[in-house]
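After this come two complexes, each holding chain A, first together with chain B and then together with chain C.
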Partner chain A sequence: MILLGVLVAFGGFVLQTSMGGVNRKIIARLQKRYGPKWYQEFLDIFKLLSKRATSHGWIFDFGVIMALGGIIATAMFMPVSNNIIAFPGYDNFFIFVYLIAVGMLGMAMSASGSGNPLASIGVMRALTTMLAYEVPFMVIVLTIIKLSKSSSLSAIALSQQAGGDFNWFIIALPLGGVVAFISLLGMLGKKPFETYIAPAELASGPMVEYGGKQLGMLFIMHEITVFIEVALFVHLFLGGAENLLIFLVKYFLVYAIANLVSNVFGRFKIDQVVVFFYKWILPLAIIQAVIALYLGWVI
Partner chain B sequence: MKSTRFSPVTNLSKEEVDRKWWEIGDFFRRNSLWMLMYCTGCCAIELPPAMTSAYDMERLGMGPMATPRQADVLLVTGYLSLKTLRRIVYTYEQMSEPKYVVGFGSCTINGGIYHDSHAVINQLDQYIPVDSYVAGCMPNTEAVMNGFIDLMDLIKNKKADGWKRYKENNAWYKKNQLDSLVEVNVHDEFHE
Partner chain C sequence: MNNIELIILVVLSLGILAYVLGKFNAKLGTVVTILGSFFVLITLGYYGFVMDPQGLDMTSNLFPSITYGFTYLGLFFGVIVAFTFSMVSFFNPFFVDKYKFSAAYSMLYLFSLAGTVGVFFTNDLRFLFFFFELVVWTSLFLIPMGDSKKAASWYYGFSALGSFSLLFAVLLIFKATGNFNVASIGTVDQYNVAIFFLLIIAAFAKLGAFPLHIWLPKVLTNSPDPITALFSGGLEKLGAFVAVLGLVKLAPVGTMISLNGYINMTTASYFIAILGSMTIVFGTLMAIRQDDAKTLLAYSSMSNGGYILVALAMMNSTALAGGLYHVIAHALASTGAFLAIAAVKHYTGTTKMKELGGMIHKMPITYLVYLIAIISMAGIPPMGGFISKWLIFQSVIDKGLIFVAIATFFGSIGSFLYVFRPLAALFLGQELPQHREKTKEAPILMLIPMLIITVLNIYTGVIPNFILGKINLVISELGLSPLELGVTDIVGLNGTLNPALISGMFGIGVAIAFVIFILLKKSKKVGLMDTYTAGNFVYTEALLHYSLDFYAPLERLYEKQINIMSNFYNSVANKVREFGAFMKYFFFSNKPEITVFFIMTIVIFLLWGDVL
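And then the complex of A and B:
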C-alpha cells in the first residue's frame, strides 16, 4: 500500500524528469537546435545534489524539506491508472488541493526565510498567480464533480470511461477544457504566466538564493508537482487511463502540448495575469458551468 | 565528446571510495554546466550565437542561470575595470562550491588592448582563479565552444581545481584584491 504510494511518487519523478528532457529536445528541434540529451534533467538534479550549498538559517533548510515531503505525500495519493492506485477511496480531488498547499507553503516559507527581497517578490507573485488561476479552475472542477456525482478522481475517470470512447470532459465541456488547459499553464509556471520565475527580471524569483543541495531538492519537488498537476488534468478531463500505457501517452500529449503552447508566448506582467484570468477565463468558466448545470447541454 | 566510463570499484580504502564518488560527481558536473554570464566586456557578443541555433550549447548541457548561487561556471567576458572587479569578487565568492571560471578574450589574460589603462586590471588570474581561457580579440564562436569543451576535459581530468586553489592561496588572492581595490567587503546585505 504505502510501498505502492512511494513507487507512484518516485515513478512520477522519473517520468516527469524524462518528459522534461524529451520536451526540451522537442523545443530545441522547433528552434532548429540539436537540443540536450533526453536525460539532461537527471544530470542537472544529480549535479545539484553533488554540490556544496550555503544555508541561510534553519527556516531556509526546513522549508525545502517540508516542500519536498509535502509534495511526495501528495503524489502518493495520485491514481495512475484504474488498477494502479495506492490508497483506493482516498483519491478525492480535495485531498490534492489541500496537500499540495503544504509543499507550496513550505517553499514560500523557505524562500522568505532566505531574506532576499527578490524571493519575497517572487513568492508574492506566485501566490497572486495562484489566486488568479485557482478560481476558474475550481469552477470547472466543481462542475465536473456535480456532473459525475463524485469528487474522487478515479470515480470521475471511471464515469468518463463508462460513456464509451472519447467521452471525455474536455470534449463534453469544450469551454471548460480551454479554461482548465490555460489554468494548467498557470499551474505549471509555463510561459505566459511565468511571472513569478522571470529569470531576467526577478533573478528566478523564489529560487534566487538556492544553490546546490537545496536547489536540487526543489527541482525534485518541482518535477513531482508537475507530475501531480498533469496527472490531475489527465484524470479530470481526459478520462483517466485504463492501463499504464494509455496514461503515459495522455501524460506525454498534455505536457508536450502545454510546452509547445508556452513556447510561442512572451511573459505577462503580474497585473496582466490577474486581469486576464478574471476578465476572460473566469467568465468562460462560469458560462460553461451555467450551460452544463442549468441548461444541461453536455455533449 | 568522448564517452565516459567508470572503472569498477574494487578495493575499499576510504580515499579510493571518495575518489570514485568524486569522479561520479564530476561526470554530472561536467555534463550540466550552468553559466553565470558576467557580460561587461565585448566578448559577450559571442555568447548569443553560442547559445542559440547556430552553435547550440544546450546540447552540451549548458544553460544560462540567473543567480550566482545556482551557477557552476562564471564567464568573465572581456576586460574588467576596478569597479567591475569588485563585483566579480563578490559574485565569485557567492557561488556554491565546485565552481569554475572561464576567462574570455585577451583582456583577461594580459590586459589586451586596454593593457595600459589606469582603470582596468591586466591579469584576471591574480584576483580569482581561472580554470580555462578562450584566447582571441575577440575569440570567434568556435573558439568559445572549444573553450567549454576544454573546461569539460579539465573537470574530467581533475585539473579544474581553481576553487581549491582559491581556498589554499586565499591570503595571496586577498592581498592582490586589496592592493587593487583597497577594500573588499563581502557581506550579507539582507541580514544586517
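And then the complex of A and C:
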C-alpha cells in the first residue's frame, strides 16, 4: 500500500519530467526551433542535486523538506487508473486541495525565509493567483461531487465510465469543463497566469535565492505538483482511466493542450488575473452549477 | 468538589482573594488567576469527561433559587472556555505590570470565568441572562486597560444590543411556555420568529458576525494581549452557544426551501447561512489588508465565526459536528496564534508588521507554535482545522448550497493569504536591527501553554475521533443522529476521511524528503543580506524586507468598499447622538423658551379637553 503510494509519487515525477521535456520539444517545433532533448529536464535536476549550494538558515532548508514531503504525501493518494490506487476509498478530493497546500506553504515559508523581497513578492502573487483560480474550480467540483454522489476521485471516475465514454463531465458539464481548464492553467502556472514566476520581472519570484540541492528538490516538487493537478483533471473531467495506457494518453493530451494554449498568450498583471477570474470565470461556474443542480439540466 | 455551585463560588472568592493579594503585589494576584482557572479546568474535565457524565453535582444548596442542570452541550463549551482561560492565565504575570488597575485585572479575569461557567451550566434562562451579563460587564472593564478606551464603548454598544435581545427572548419564551427552563426553548409554540431573531441577534453580537462585527477588530486590537487571546478563543464562543440555542434547539422557523431536491433548509436558516457566508467573506477580505497582526487575527476570528454559523444553520449531524469541532479547532488555533503574537509583543512592544521582521532567529519555538496554529486556522491537514472544515464542506456540498459554498471556499483559500502575512512579515524575512538586541526566546512560563496548545492542535488533526465521540453525545442530546465514526475513519456524507492515514503519509513524505536532503552535499551557510539584489548594493535590512501592504494589488481592487459598514454605524451613532441632544433640549434643559413651550402645550391640552 504505502510502497505503491511512493511508487505513484515517483512514477508521477518520472512521467511529468519526461512529459515536460516532450512538450518543450513540441513548443520548440511550434516556434521553428529544434528544442532540447526530451530528457533534458532530468539532466537539469540531477545536475542541481549534485551541486553544492548556499543556505539562508534552518527555515530555508526545513521549508524545502516540508514542501517536497507534503507533495509526495499528496501524490501517494492519487489514483492512476481503476486498479492502480494506493489507498482505495481514501482518495478524497479535499485531500488533494488541502494537502497540496502544505507543500505550497513549505515552499512559501522557505522562500520568505531567504530574506529576498522578490521571493516574498512572488509568494504574494502565487497566493493571490490561488485565491483567483481555486474558487471557480471548487464550485465546479461541488457540482461534480453532487452529481456522482461521492467525493472520492476513483468513484467519480467510475461513475463517468459507467455511462460510456461520452458521459465524461467535460461533455456533461461543458461550461464547467471550460472553467476547470482555465483554472488548470492557473494551477500549473501557465502563461496568462504565470505572474508569480515572471522571470524577467521578479527573477523567477519565489525561486530567486535557490540553487543546488534545494532548487533540485523544488524542481522535483514542481513536477509532482503538475502531475497531481493534471491527473486531477483527468479523473474529474475525462472519466479517469481503465488502465495505465489510457491514463498516459489522456494525461499527455491534457498537458500538451494546456501547453499549446498557454503559448499563444502574454502575461496578465496580478490584479488582472483576479479580475478575470471573478468577472468571467466565476459567473460561468455559478451558471453551470445552477443549471446542473437547481434546474437539473445535464447533457 | 464536584458541585457546580461550589465551583462558581470558589472562583468568585478566588477573584476577591486575587484582588486583595494583587493590591500587595500584582504578580501574586495573577498567580491566583492561574490557580483558579486550572481549578475549573481540572474539575470540569475530570468530573465531566473522565469519570462519568453524571459525575458533576448540579444541586444548589446555598442559593437554591439559582438552579443548574447538566447538558453535554454546556459541558463541551465549558471545558473549551475553561481551557482557554487556563492557558491564557500563564501570560498574565508578564503583562499585568503594564496595566493601571492590576489587582482589578486579576479579579475581573476570574469573575468572567465564573460567569462563563454559570452561562453553560445554569438551566434557568433568567440566570443565564444574569451570568451572560456578568461576563459582559467584567470583560467590559478589562478591555480599556489596553490601548484604547474607545474600543470598550464599541463593545458596550453591541453587547447592549445583544443583551437586550437576549432579555426580550427570555421574556418571550416565558410568555410562550410559562417557565424559565432552558429546555423549554424546544417546546416554544408561539412567537417563534421573534424569539429566533432575538436569540440570533444576541449570538451575532457576541460572536462578532456580520452585520454586528464592528466591535470585534477594535476590541481585539486594543484590549490587553492576554485578553485578546481570551476573547478570540473563549468569550466569543458564548455567541456560538447562544446560536446553538436559537438555531438548533428552537423549532425551525419559516417555510422550507427546496430546489430540485437541493438546499432543504427553512428560510430563516438559509438567511442565517447567507449572513454567515457574508461574515466569512468580509472577515477574509478585511483580514488580508491589515497591517497590525492582532487586527488581522481579529478579522480571522470573525471569518471563522462565520463558519460556525454556517455549520449550525445547516442543521444536520455532519454540519453540527463540523461546527462544534470548529469551535474547538478555532479556539486552539486562535489562542495559539494570539499567544505567539503576545510573546513577540512582550519583547518588542509592537504588533505592527511593518516594524517587525526576522523574529524566527531569536524566537524559533514561538515561530513553530504560530506556524502550527495557522496551519490549523487555514484548514490544512494534518491539523484540527482541516477536520472541521472538511465536515462543513461535506454538508455544504450535500445540500447543494452553491452561494454558501463560494463563501466557504473563498474564506478557506483567503485564509492562506492572511495567515501567511504575519508569518512572512513578522517572523520571516530580514532580521531588523532595532529588535535584535532585546529579543530572545519567550520565557518558560509562556512556552508551557503555547506548547500544550501546539500539541493539541496536532492531536485534534491526527486523532479526532475521541473528541468527535464526545461531540456525538452533544449531537444526540440535541436530537440528531450521531456522526458515523470508525477506529480512525470519519464517515461524511459523500466520502470517508482517515486523518491518521493522511498524517502518517505526510510523515513518510517528509521522511523521504529529509533523506534526500541529508544524502546530498552539505550547503554553505550565508547571511540573510547575502541575496540577489539585481546589481544594487544594499546594506540596510529594512530595504530588503517586504512587509508593508503585502497584498497591495489585491487590496486595491476593493479599497473603496471597506468603510461601508463602519460608516453606516458611525452615522447610526450620529443619529442617536442627535436624538439624544434633541431629547436633552426638550426635557432636561431649563431654557425659558422650553418652559414656555411646555406651559403652552399643557394649556392647549387643558382647553382642548374642556371643549371636547
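Rule of thumb we're sticking to: the second predicted complex is superposed on the first by the 299 of 299 C-alpha atoms of A that agree within 3 Å, B and C clash if a C-alpha of one lies under 4 Å from a C-alpha of the other, contacts with A are read in each partner's own complex, and residues count from 1 in each chain.
The criterion applied here is as follows: contacts are C-beta pairs under 8 Å (C-beta built on N, C-alpha and C of every residue); 3 or more make two chains touch, one makes a residue touch a chain.
Computed from a prediction, not measured in an experiment: that's the story for all the values here.
Undergrad: Going by the contact rule set out at the top, does A:241 touch chain B (first), chain C (second), both, or neither?
TA: Neither partner.
Undergrad: Identify the partner contact of A:156: answer first if only chain B is touched, second if only chain C is, both if each is, neither if none is.
TA: In the superposed model, A:156 contacts neither chain B nor chain C.
Undergrad: Using the touch definition from the top, say if A:115 reaches chain B (first), chain C (second), both or neither.
TA: A:115 contacts both chain B and chain C.
Undergrad: In the overlaid three-chain picture, which partner chain does A:36 touch, first (chain B) or second (chain C), both, or neither?
TA: First partner only.
Undergrad: Mind working out whether A:232 is in touch with chain B, chain C, both or neither, as first, second, both or neither?
TA: It touches nothing on chain B or chain C.
Undergrad: Counting residues of chain A touched by each partner, does chain B or chain C come out ahead?
TA: Per-residue touch count on chain A favours C.
Undergrad: Is A:28 contacted by the first partner chain B, the second partner chain C, both or neither?
TA: Once the two structures are laid over each other on A, A:28 reaches chain B alone.
Undergrad: Touch test for A:209: chain B only (first), chain C only (second), both, or neither?
TA: After superposition on chain A, A:209 lies in contact with both partners, chain B and chain C.
Undergrad: Look at A:188 in the shared chain and tell me whether it touches chain B only, chain C only, both, or neither; answer first, second, both or neither.
TA: Once the two structures are laid over each other on A, A:188 reaches no partner at all.
Undergrad: Please indicate which partner A:68 is in contact with in the superposed arrangement: first for chain B, second for chain C, both, or neither.
TA: Second partner only.
Undergrad: State which residues of chain A lie in both footprints, the one left by chain B and the one left by chain C.
TA: Chain A residues touching both partners: 50-54, 56, 114-117, 203, 208-209, 212.
Undergrad: In their complex, what parts of chain C are in touch with chain A?
TA: Residue positions touching the partner: 259-260, 262, 358, 360-361, 364, 367, 371, 375, 378-381, 386, 390, 393-394, 396-398, 400, 402-403, 405-406, 409-410, 413-414, 416-417, 420, 423-424, 428-430, 492, 494-498, 501-502, 505-506, 508-514, 516-517, 520-532, 534, 544-547, 550-551, 553-554, 556-557.
Undergrad: Using the touch rule from the top, collect the residues of chain B that touch chain A in their complex.
TA: Touch list, chain B to chain A: 24-25, 28-29, 31-32, 34, 52-53, 56, 58-59, 61, 64-72, 95-98, 190-191.
Undergrad: Looking at the complex, which residues from chain A come into contact with chain C?
TA: Where chain A meets chain C, its residues are 2, 5-6, 9, 49-59, 61, 64-74, 76-77, 87, 89-90, 92-95, 98-99, 101-102, 104-105, 108-109, 112-118, 120-121, 123-125, 127-128, 130-131, 134-135, 138-139, 142, 145-146, 149-152, 203, 208-209, 212-214, 216-217, 269-271, 274-275, 282, 286, 289-290, 293-296.
Undergrad: Which residues of chain A touch chain B once you look at their complex with the stated criterion?
TA: 24, 28, 31-37, 40, 43-44, 46-47, 50-54, 56, 114-117, 199-200, 203-204, 207-212, 215
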